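All chains are identified by letter, namely A, B, C, D, E and F, in their written order; residue positions are counted from 1 within each chain.
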Amino acid sequence: MSAVKKSLVVEQLRRNQMIELLAQGKRMDGRGLLDYRAIKIETGIIPKASGSAKVTIGDTQVIAGVKVETGTPFPDTPDQGLLIVNAELLPLSSPYAEPGPPDEGVIELARVVDRGIRESQMIDVSQLVIKEGEKVYAVFADVSILNTDGNLFDTTSYAVVAALLSAKYTKYEMVDGKLRPTEVKEALPLRTIPVSVTIAKIGDSIVVDPTDEEEAVMDARLTLTTDSNGNICAGQKGEPGTFSFDQMLSGADTSRMKGQEIRNLLKEATGYTG
Amino acid sequence: MSAVKKSLVVEQLRRNQMIELLAQGKRMDGRGLLDYRAIKIETGIIPKASGSAKVTIGDTQVIAGVKVETGTPFPDTPDQGLLIVNAELLPLSSPYAEPGPPDEGVIELARVVDRGIRESQMIDVSQLVIKEGEKVYAVFADVSILNTDGNLFDTTSYAVVAALLSAKYTKYEMVDGKLRPTEVKEALPLRTIPVSVTIAKIGDSIVVDPTDEEEAVMDARLTLTTDSNGNICAGQKGEPGTFSFDQMLSGADTSRMKGQEIRNLLKEATGYTG
Amino acid sequence: MSAVKKSLVVEQLRRNQMIELLAQGKRMDGRGLLDYRAIKIETGIIPKASGSAKVTIGDTQVIAGVKVETGTPFPDTPDQGLLIVNAELLPLSSPYAEPGPPDEGVIELARVVDRGIRESQMIDVSQLVIKEGEKVYAVFADVSILNTDGNLFDTTSYAVVAALLSAKYTKYEMVDGKLRPTEVKEALPLRTIPVSVTIAKIGDSIVVDPTDEEEAVMDARLTLTTDSNGNICAGQKGEPGTFSFDQMLSGADTSRMKGQEIRNLLKEATGYTG
Amino acid sequence: MTTVLLDDRGLRHDGRRVDELRPVKIEVGVLKNANGSAYIEFGKNKIIAAVYGPKEVHPKHMALPDRAVLRCRYHMSPFSTDTRKNPAPSRREIEISKVIREALEPAVLLYDYPRTAIDVFLEVLQSDGGSRCASIAASSVALADAGINMKDLVCACAAGKIADQVVLDLDDVEDKEGSGDMPLAMMPNFEQVTLFQLDGILSSQQFKQAFSFALDGCKRVYQLQKEALMKKYFGQGEPSMEESE
Amino acid sequence: MTTVLLDDRGLRHDGRRVDELRPVKIEVGVLKNANGSAYIEFGKNKIIAAVYGPKEVHPKHMALPDRAVLRCRYHMSPFSTDTRKNPAPSRREIEISKVIREALEPAVLLYDYPRTAIDVFLEVLQSDGGSRCASIAASSVALADAGINMKDLVCACAAGKIADQVVLDLDDVEDKEGSGDMPLAMMPNFEQVTLFQLDGILSSQQFKQAFSFALDGCKRVYQLQKEALMKKYFGQGEPSMEESE
Amino acid sequence: MTTVLLDDRGLRHDGRRVDELRPVKIEVGVLKNANGSAYIEFGKNKIIAAVYGPKEVHPKHMALPDRAVLRCRYHMSPFSTDTRKNPAPSRREIEISKVIREALEPAVLLYDYPRTAIDVFLEVLQSDGGSRCASIAASSVALADAGINMKDLVCACAAGKIADQVVLDLDDVEDKEGSGDMPLAMMPNFEQVTLFQLDGILSSQQFKQAFSFALDGCKRVYQLQKEALMKKYFGQGEPSMEESE
């Protein structure tokens, strides 16, 4: 999923240069180690969707659209609505993205974003039931990645969260055993705002919000999601490097701190005050 | 979908030779520019199908089989039966056909044939309803292409039309909410006979019913379908060449004229007099 | 599906050597021509399955798991339960097995094992009906091939048969049109024990239970399945060699004879006495 | 409503005797683009076989240095069956493609064509019982029509069991309502079996009888194959595909 | 509840006259990674076009020795339609990808870029009637933005029929409830048609009128394409993708 | 009927204390064809790991000039779960394959094997909570059995939360009815985390406790891995796969 094609020698040189710079607390683009790039959140850009948002972090651009449809609950959770998160790395997003079914990296991305929302219990799925065991609302959150420049995990996550925060869906009623749409439009039953924070380990340094260039040389990635109360509700380490025990624990602190800042941006952009 | 493999130099030579000949109003096989090759239409060759036809144009050979089954209507058209057209370029049809799912050329072919029939309103799908919103007849028209020598669009279209014209299907009735076949066999509710006419532009010349050899060097293809009243009801330009505005408009006249001739062949072959 | 990669010259040498040895009535591993390797049958190894068995013949190792679930009968057999046999050649089973959907060899394997069981009428599927035309039991027999060293047909077949012989499934009842599990666990309704016997033709010799090394050079394969009464109930010749008429007929005798021996092993291992 | 598979006069539901073949019609050279082709009607089966090759192998590493690769695809048109068939190849079609290839391979002189591929494509336009045997018979003729060297034709015919009686050449009704089907293919001049399958319970005695019936049917199919090739290469008459009824 | 497609004053359901285009907005250079890109709003259509290339071809044997391979992928985001769309490419998307490619190809100077590929990717973020015409218009601008040599821009617009009246540029409602749609693309400086499709019954007279309407619409789209490119390369203003309403 | 996840004596539904591991059994070298293999029972998990390699890479362009490619496939047998699992790899299996590979990779000396591939195949014969941790433990032992150079074994164990209490090593029941699961893998001699995932809400304090529990569990698994390897290479006893109960 990287937009920077790896060449053995060039990669090594760039990595050494970057590690040297990071040791001095500096990044290629001038940011501090724990600074995000500019985050821009726009909602309502796809009027046909129940909710939508475009999120830009640096040059990474993502659109999420939420459709609320009706469906059948899973047999083992007859009293819960459905949430389905799906992401696609569009071939127009980078010279290295290919058309076709999602590869393991995109599957991981969608599943990690999904878990951040699901495990935080952001949506009260018990309120998305039309008739228990038969008909429930199905919330589809689809993400189209338009341009990649690193940190797809957070960009995608914020886009889905912003789309959910701003969504309005049509209520249905059961009449004579058949579903009928009503005139009522409602916001989704929400309880918290999960925010993911992704850190990258490059050499011995830890940075947040890695660019594509940084991801190309990073050792390992850690995404931690916190809820509005500062609890950690989802996590995922990625890439074939390691974190020390201390790095894991201080990563948790970072995710809480940066998460709160970004949560405020999401509230501002969506007008959500819950 | 071409049975003539393109070699850069040979292709160019053949093209030049053909353009020269066409400028004199002649074709490689001696036909006039607006002449079809011999068209042979046989029906009833697959007794297990509700309707079937084998159409041969020159060396292009196609079999269409129609199966009328029962199915569920689309939610947005509860009062209409279904029509599904599907074509397969069998690997036995040419040295260049490959087994596997249909490529874009075959998908275009099936969709253009489908639209010619659908848009002409040949079948009165409102009469193919058993119980509105629940059970309708589904008309499957499947095409097996046996041998290719150009103009698959028309050959396939005539085969499907002839199979539909000659089809008889078993009526079903609803008894206690369950479908039951009756002894009654009926012709499909038909209203018109759509006929496609395909022209090819080669250099500055326009020909109808191109052979494989002509298709290999043609600039562009235009298929126009007319109904029994001489209206145009479907059209498709294909291949990466262009048509002038005049060529488009005179193409419409050609399709009406040739279409009427071929409509008579279809009536003769199927005994359809509607 | 062979674990011995074929090299033209080596294959020919090994084949010649083997044919010479077989002409003297000897095999590479010292067995007689009509001797099986050691057969080990263990049941109940996957407690989560309704029935399970691990069968080892020489170094060929196979696990079969049976799940009995509920399903909808086929429209043309509303009064019969379902049996679905599926096999997978796991990539861990040999250096030449690849991940991915089953190839033609594995499809043949699963279908031959399925037919041996189905055609022998081992399971009385008419007793696997919960409500005719609506709900029946579906018996899934899935096979994971763990290590290959020849004769997958018999190893797989015995594993499925042993898993079925030892299976217990939960009975369901219909309450107000809905399925509800009961506390009752029952053995499957069984009528006979089908046993397949596979012979290989190498040169002019016939051997049973070929190893991977023998399969790599064999001319043809014949699998015949007999039931408890000594009737032949399924057969499959494979590989691009031939059998003489006499070889076919004496193969039938061999399958009856060896089948009876192995049937006793299956009874012993499963405690089935029916 | 059950079909009487065998009546008191020993006749089958379509009037045949127990050892009688359905009507068979074979035409050679029915497709223009193929190197060789044949059309067979075997009862209600209507099947086209086409042969392409010997030809280059793609991808190249699939080629064999000392002989040709024989490939085979048996496929049913969606309209060929009572209920519409999904056009994607089923597991059944994949297995039948394999056993047909293995049935033909012993007869084809593959070592005469190193580093090439020979493709046999079968399209079942209408299916009836015994379509794999009919396919083998047609393939074998199409291979001959393509000029591929063979040491023998492969002929094929099934025996089966209805009403506890062994019979020759089951049709669809008998295959469905009967209790056993045993397709067989062989090289008649070498007396070697190249395809054998069996579904259904046969006693030792019935197995022997079925085997003998099938061999006999094969020999009759072999005559028809030879006649069709003779007609094309030494006789008269234009190939056609009209319904024979 | 049926929509009045054409009222007594000759106005359409959205207030347009029969020969009036929906509002169109084109922005150039909206994606950072692509070599060229454009964003178009055409009525409620919201579509991004991106061009990558000329670039190496993989696999290599797909390259052409004397010219570039033009490839095109038209794709709809799952949230772009009224009911969620499965993200896997449908047969409709495959056909549209093909006709868009064939509509663009006559204008691109492929022989200037031998042995390379030029990829045009289209993402429909929100769909309305006429998305293929809007896609062609955007693609053409994105190709120009990528600096690909072209002999003309390709402009596109549909005509159609509602209430037995030929009209310009159907939206979703008119496409669904109307009775004919005829998308057209052309090279305005060569007066050559590069895309043409027709669904729906048109009399001889209506066909001519629709053709003339569509050509006229194409010319207006052409002006907008030129203006967008001028604005990027000679004018001011930052690209954005905000809702224009 | 709800399960009592933690009773008044502080015992879990299966009688374990909060910091107690399920029974674990590891056997080395259970498959003949693989270069290395291991079988693990971890609670009710029954998993086989097999290693093939270092070996040639196909297709060749996937090879790396300076090191080996590590590949991993985690797969569940259809009969391994309560309800039959479709044999095609699910999105979950694809993600787990990826994180297991990334958990193992830091320990494997890939630069010792340039231009080769090392394949780790995992088959879950019966699944219980914590199958990915058990898979990592088995993989690591199988890699050692295959003689692949490693700088450390990778050990793995999950912590989780039930009844608002942090506990070690959730089984299926606890995973389903509990409120948090945190699988962890590490290299014990380097004190480096190689896999980490978390589902479920943990307060700051709980997170630290869970982390410490999981590390402790990892260390115990590490002892069992070492013992299994010792037994194979220096001890006695034949490998078997019988049910340990």
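Keep in mind that, in the parts below, contacts are C-beta pairs under 8 Å (C-beta built on N, C-alpha and C of every residue); 3 or more make two chains touch, one makes a residue touch a chain.
All values reported here derive from a predicted model rather than from experimental measurement.
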Interchain contact steps from chain B to chain F (minimum; 1 if touching): 3
Where chain B and chain C overlap in contact partners, by chain label: D
Length of the line joining the C-alpha centres of chain D and chain F, rounded to whole Å: 52
Between chain D and chain A, distance of the C-alpha-averaged centres to the nearest whole Å: 58
Whole-Å separation of chain centres (CA-atom averages), chain C against chain F: 32
Successive chains around the closed ring, taking chain A as origin and chain F next: A, F, C, D, B, E
Interfacial residue positions of chain D with respect to chain B in the complex: 31-34, 37, 44, 46, 48-50, 52, 55, 73, 75, 77-84, 87-89, 119, 121-123, 125-127, 241-243
Complex contacts: residues of chain B adjacent to chain D: 3, 42, 44-49, 52, 54, 59, 61, 63-67, 69, 86, 88, 90-95, 99, 101, 140, 142, 144, 146-149
In the complex, chain F residues that touch chain A: 65-66, 70, 91-92, 94-95, 97-99, 101-102, 105-106, 182, 186-187, 190-204, 207-208, 211, 215
In the complex, chain A residues that touch chain F: 8, 104-105, 107-108, 110-111, 115, 119-121, 222, 224, 227, 230-245, 248-249, 252, 256
